[in-house]
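Below is a structure I'd like to ask you about.
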Amino acid sequence: MSIKGTDFTRREVLKLAAGAATAGFALPWTVGGAFAQPAAGTLRAGIAGFNVINILDPAKATLIPEFYVIYGAFNALLKFNAKMELVPDLAESFKVLNSTTLEFKLRRGVKFQDGSDFSADDVKFTIERVADEKTAAPNRSKVAAIQSIQIADPLTVRIVTKAPFAPLLNYLTNTRTGTQIVSRTSLNAMGEAAFGRKPVGTGPFIIKDWKSGESIELTAFPGAFSGAPKVGRVLCPLIAEESSGMTAILGNQVDLTSTAPFADIGSLEKRPEVKVLKQAGLNTRYIAVNNKKGPFSDVHFRRAVSMAFDREVLVKAVLFGEGVAIPGVLPPALWADPKPVWGEYVTFNPEKARAELAKSAFRAGTEATLLVWGSNWWRRMGEIVAGQANQVLGTKITLQATDFNTAYSRAKAGDYDAMVMGWLGFVDPDEYLGEIVGSKGFRNVHFYGSQKMDDLLERGRTEIDPVKRKAVYAEAERLVAEDLPVLPCFCSNIHNLLRPNVKGFVQLPYSNFADQFGTIELG
Amino acid sequence: MSEAALIEVENLRTSFAVGSQRVEAVRGVSFSIAAGEVFGLIGESGSGKTVTGLSLLRLLPPHAAVAADAMRFRGEELGRLSDAEFRALQGVQLAMIFQDPVGSFNPAKTVAWHLQHAIARRRACSGSASGSGGGDWAEEAAQDLRNVGIRAPERVLASYPHQLSGGMLQRALIAMVIALRPALIIADEPTTNLDNLVERQILELIRAQQKKLGASVLYVTHDLGVAGEICDRIAVMYAGEIVEMGPARDVLERPRHPYAQGLLQTSASLERRDEYLYELQGEPGGRGDATGCAFAARCPQAMAQCRTTQPRLVEVGAGHVSRCLLHEQ
Amino acid sequence: MAAIAIDLAPAARRLGGMVLIAFLGAALVFFVMRAGHGDPALSALGDQATPEAIAAFRKLWGLDAPLIVQFWNWLSGALTGNFGKSMTVAGGVPIATLVGSRLPNTLFIGLYAMAIAVVISLVAGTVSALRHGRMIDSVATGLAVLGISMPDFWLSYVLVYALALGAGIFPSYGFISPAESLSGAFYSGFLPALAVAAPMAAAFTRMLRTALIETLYRDHVRVARSLGYSGAFIFLHYVFRNALIPYVTVIGLQVRYLLGGTVVVERIFGIPGIGALMVDAAFGRDYGLVQACALTFLVCVLIVNFLVDSLCAALNPRAT
Amino acid sequence: MRAFFANKLALIGAAITGFVLLMVIAGPWVSPYSPTDADFLALLTPPSAAHPFGTDSFGRDVLTRILYGARVSLAVSVAGVLVAALLGGTAGLVSAYVGGWSAAVMMRIADLLFSFPSFVLALFLMVVLGFGVANIAASIALIYLPLFARLARNMALVVKEEPWVQAAQLMGQSTFSILSREILPNIAAPLFVQIALGIAFGIVIEAGLSFLGLGVQPPAPSLGTIMADGREYFQRAPWVLTLSGVTISIALLGLNLLSDGIRDVMDPKLRARL
């Protein structure tokens, strides 16, 4: 007989449970206390959608979040004002001596953050360093055209190019150029590696503490020539997910974000606890295609696919309306030209697309792989393009999701058919067209090479007259729409979210950030 | 029932909920045990003898229902006591020695721990210093172990249960119960799992300790030989009822109930190592018709009316009763 | 001395086994990582990398050496505690520093989650075991199963919207390191820890309930009852004490899931921990950093397993 | 069986699991929509009679996508866990019964895999091997392999000593026949429970990976990718994340209750007391 005897009464159970609960909860909750709010005068500026900042040496930085910070710690010779006009920064003025020589008068009395004086020598050092092969600067090509840098006097510097070089002024601005002026004495004293962690510039904020992958802490540089900042300290947490950035600002964990999720702009604009800044951005998104092998090596196939998807749908479904469709690779904001010309091959037209496919060596049922990577909206972009092309043309384009590193290394190796791609934050047409479709462009992972295009691009580089230069790039854009080395898609808006008490942040289309911290006030 | 009875049980009925039904394990058992008396409860597995003991000590699971016309301990009705009041009696007044000495010990604690808490409990109940000995619990524990024949109490005290043999553990268990100085010890087949030699020693031990303390013992067993050795009086149970009860000598030498006779014959046959073992026919514990004698289906002397008439306990000798229609004829 | 040496031998053997497993794991990570796609140079130099820059980068980090040489370089460094520097996630920062600064956060969240899970399971497991088969048991068991059915990333969202953005009780993002402020860490880490804890709490509860019910019906408990000991005493010393071994064992087994869970919440809540670091490192092909993170996780799991085994042995008198 | 029906939670679990399975198997046929056909005129419409779970950012019917997605998630998880059970179980059995150095090596490998935090292992493999259904299944298999190996080994070590196995050995049965006929049937029950639990956790792994963007290839839906998608426009269309999240919880609830129930029923010690 298996009769076992035990039972606990209700009171005993309650007592035991209560005992266990107090024993357990006593541990974590005795500390209690309030969540430490940052001290007043601290701006919490979240860098959202990115969580890697690898290096803060302008000559070596490559990632947009790295430049977000560099903008605020450094100055370049020039910068863009709120109207996106070129204005002097560390230079006081500049003039064109002849078609290959620019002369910069430098500001007097500018101090680096280490207290040393800024002079023409630092300018020469900085630019020569970027140009030096040994530095292996990613932006070397931007200064490769420079023949020499002459120091006329400590506050006058002349830059001589081998040939007329139109983009040069843009390449000397405080954007993703790498030409932000570094202190020769500091860099030599610290060594490259240490400088990359704690660089010394002339900007309004000093990089005080940098926890890799977590946050960067900036403190005001009272001696900045642009004036002492109004906030003493800026904390830039690196927020991996854009949506987390949004919940952070809604929950008042940050005051400002570098980006916002496209989908939520509409609802965020209605909320009182955040202010949404937005405008057309300097960026371009397209389908990179392999011009060397596979179906996309056939221009008719490229044209057929290009006509088979509706760019307006992309804007609606991928960006939730936060952007515009574009027929080429130049962002409209670059030229203040809101109405680019739409060529036949970049306009959605299923009939013509099928007719074009008939001209190609490939037929319905052609298989191809489209690589997608990154956050969800990139995937959606690929999904729609592939889905619509398959629907219209009967092709079998399948998606393959991967991470950016894999996608990009495969693209560089030519081991791909097509991938979603985009660039942002550049300020000169040559940075887009020259690099993306120029035969020597390092963003040309498409193996596209056209003499006609290269000639146009060369003319664009050497044409100093802006009106004529614009005409050259318009022609290049038409050629893009004709040859379709890439399949242009759209250009997206850029966004910043601010708490209502943040005043003085001016948003610029090249995705600026810390360059505005010097003027920000917390109300 | 005599005035001197330590415990009196009248018409104890215990049933268990099995699914939506209730199964009766004890069906109207009455007995009493005098102070200092060893009372044996004998029967096959499933006859209800263990349940009777557990019912007395309130150790049955919640799906068991215990009812009795009376259950008096020293004249006090146990049924009226709350759980808390009853707990005050457990151990120090009414204690139990279980069948399986190995399972009876908390495997995570040493023997010393067990004895320490038993001694502490007794002292707490009997009012700090008044208990026998007082003094250090460890000394007392060692003495208790010596009393049950353990020669090296220090070693045993320091041991965990799994380090000791069954016989050793049973001694320790008895020592632990004795340490509580209970008035009634319910011993539920305490020697079943032990070999013969140890069984004898344990039996003697219980008897000796019982005499020394003047405690009463309710000794539950299926072994008639054991019962004969230790018991003053015996009750034979079958299918939840007492079928025969009387002085041990009378019942064992002159059993009146056919079941008791069968049991005895089996036992004797076992002892003689017969080539053909005498066996009671049928399923042990099986109940016949609800209307008739429970044993009727297996009874070699069953008559027609056995299946229709419930027999009553009939006096068959001095203090000797039996439940059989044969006696009523 | 001899006696001590003998006593230490099994522990030393175990320790040796642990070190071996950890390094085998790191070797596995090393070779698997390099067999896959991707290139750290592209991560470090980014979209504008020129071939010369890539070549310079590979030379700088010794990526042009044969694989086995690279492995030996790494191994010989790692054995002396030198894990090298980060290539692409935190250019030039010593990996040991990076991991060292992140580890406390992960450990904090992990232990916090563990504490929450233990407290919840102690209460729920005890109540449902003691009242098993009744209403409150069904409720507690049901809740426990519900806990397992809320994946941490989904629960994180629910918690953020309910308790942070909705009720405004907790921060919706960010984490204060325990090194900075302990109370701040407890406060800001509550939601992520809860998200990690919920599935574990459920698993612990179920285990504890089963173990308690099993123990509850063992003979020695009934014996203790028969001696008139109080319910709390019996529960503590006879029931709980004996159910502790399977319970602790399960806690040890769950560490694998616990550390896995921290990866997700670290990302969602922006907690600078080892998990988030490893995700970044894996994406950035920061080989050395991935290996170091993997090694750290391995060592954590191994240490916990060792502790749990030791604790079980200490709890179980049969083991001595 | 009676004990199983007496266990109400297990019954509920079985009912939920049955319902989920029915929906996953039959749902896609019943649904008038395709999981991939976009309708750009009906982006992010809230739940309605036509679209009970609303539509997503492509105007696709969320309910249909969830049904297909659950199918994918379930298939990935089941495949991974079954592979793990098969390989791990075999390794455990062989190492327990046959022994030898190869068995020892197998168990050390299992130990090694067992020392990796589960999700870390999965995540690492996805980044290195590439995303995709097959690799998720492989990750799940690798996570579960050591578990099954250990479980099978530990149980087989016990069963091996049972008299009927010893008897079979003495009668000269082949090793394979002893393993498959004497040992396996006696350790099958806990393995089944572990498989059911494993499938539930496999779904969580798949969803977690996909949620972080490392999982199933688009446009194929999985529960994780639908949730990841929904998270992106949660403010605007909360139903996508919420309803897919609730779905995954319901599916897991069913599986967990069921495996609990099976375990209770199969554990005779516990069964006697419940």
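Should a chain be cited, it is by its letter among A, B, C and D, assigned in written order, with residues numbered from 1 in that chain.
Here is the rule we go by: contacts are C-beta pairs under 8 Å (C-beta built on N, C-alpha and C of every residue); 3 or more make two chains touch, one makes a residue touch a chain.
Computed from a prediction, not measured in an experiment: that's the story for all the values here.
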Nearest-to-centre chain - CA centroid comparison | C
Pair of chains with maximal C-beta contact number | A-C
Rounded to the nearest Å, the gap between Cα centres of chain A and chain C is 35
Averaged-CA centre spacing for the pair chain C and chain B, given as whole angstrom | 54
Dist(centroid_CA(chain A), centroid_CA(chain B)) in Å evaluates to 87
Centre-of-Cα separation between chain D and chain C, whole angstrom = 22
Numbers and ranges of chain A residues touching at least 2 other chains = 4-6, 9, 402-403, 406
Sites on chain D at which at least two other chains make contact | 127, 130, 231, 234
Where does chain C touch two or more other chains at once, residue-wise?
-> 36-38, 216-217, 219, 222, 225-226, 267, 283
As the complex stands, chain D meets chain A at residues 36, 38, 40, 43, 57-59, 127, 130-132, 213-214, 217-219, 228-229, 231-237, 272
Given the complex with chain D, which residues does chain A contribute to the contact?
-> 2, 243, 246, 261, 263-264, 266-268, 310, 313, 316-318, 320, 372, 374-377, 379-380, 382-384, 386-387, 398-403, 406
Which residues of chain C touch chain A in the complex?
-> 36-39, 42-50, 52-53, 56-57, 86, 88-93, 98, 101-102, 112, 115-116, 118-119, 122-123, 126-127, 130-131, 160, 164-165, 168, 171-174, 176, 180-184, 186-188, 216-217, 219, 221-222, 225-226, 231-232, 234-235, 267-270, 272, 276-277, 280, 283-285
Listed in rising order, chain C residues that touch chain B in their complex are 218-220, 222-230, 233, 237-238, 241-242, 315-318
Partner chain D, residues of chain C touching it in the complex = 21-22, 24-25, 28-29, 32-33, 35-38, 132-133, 138, 141-142, 145-146, 148-154, 157-158, 206, 210, 213-214, 216-217, 255-261, 263-264, 267, 275, 278-279, 282-283, 290, 294, 297-298, 300-302, 305
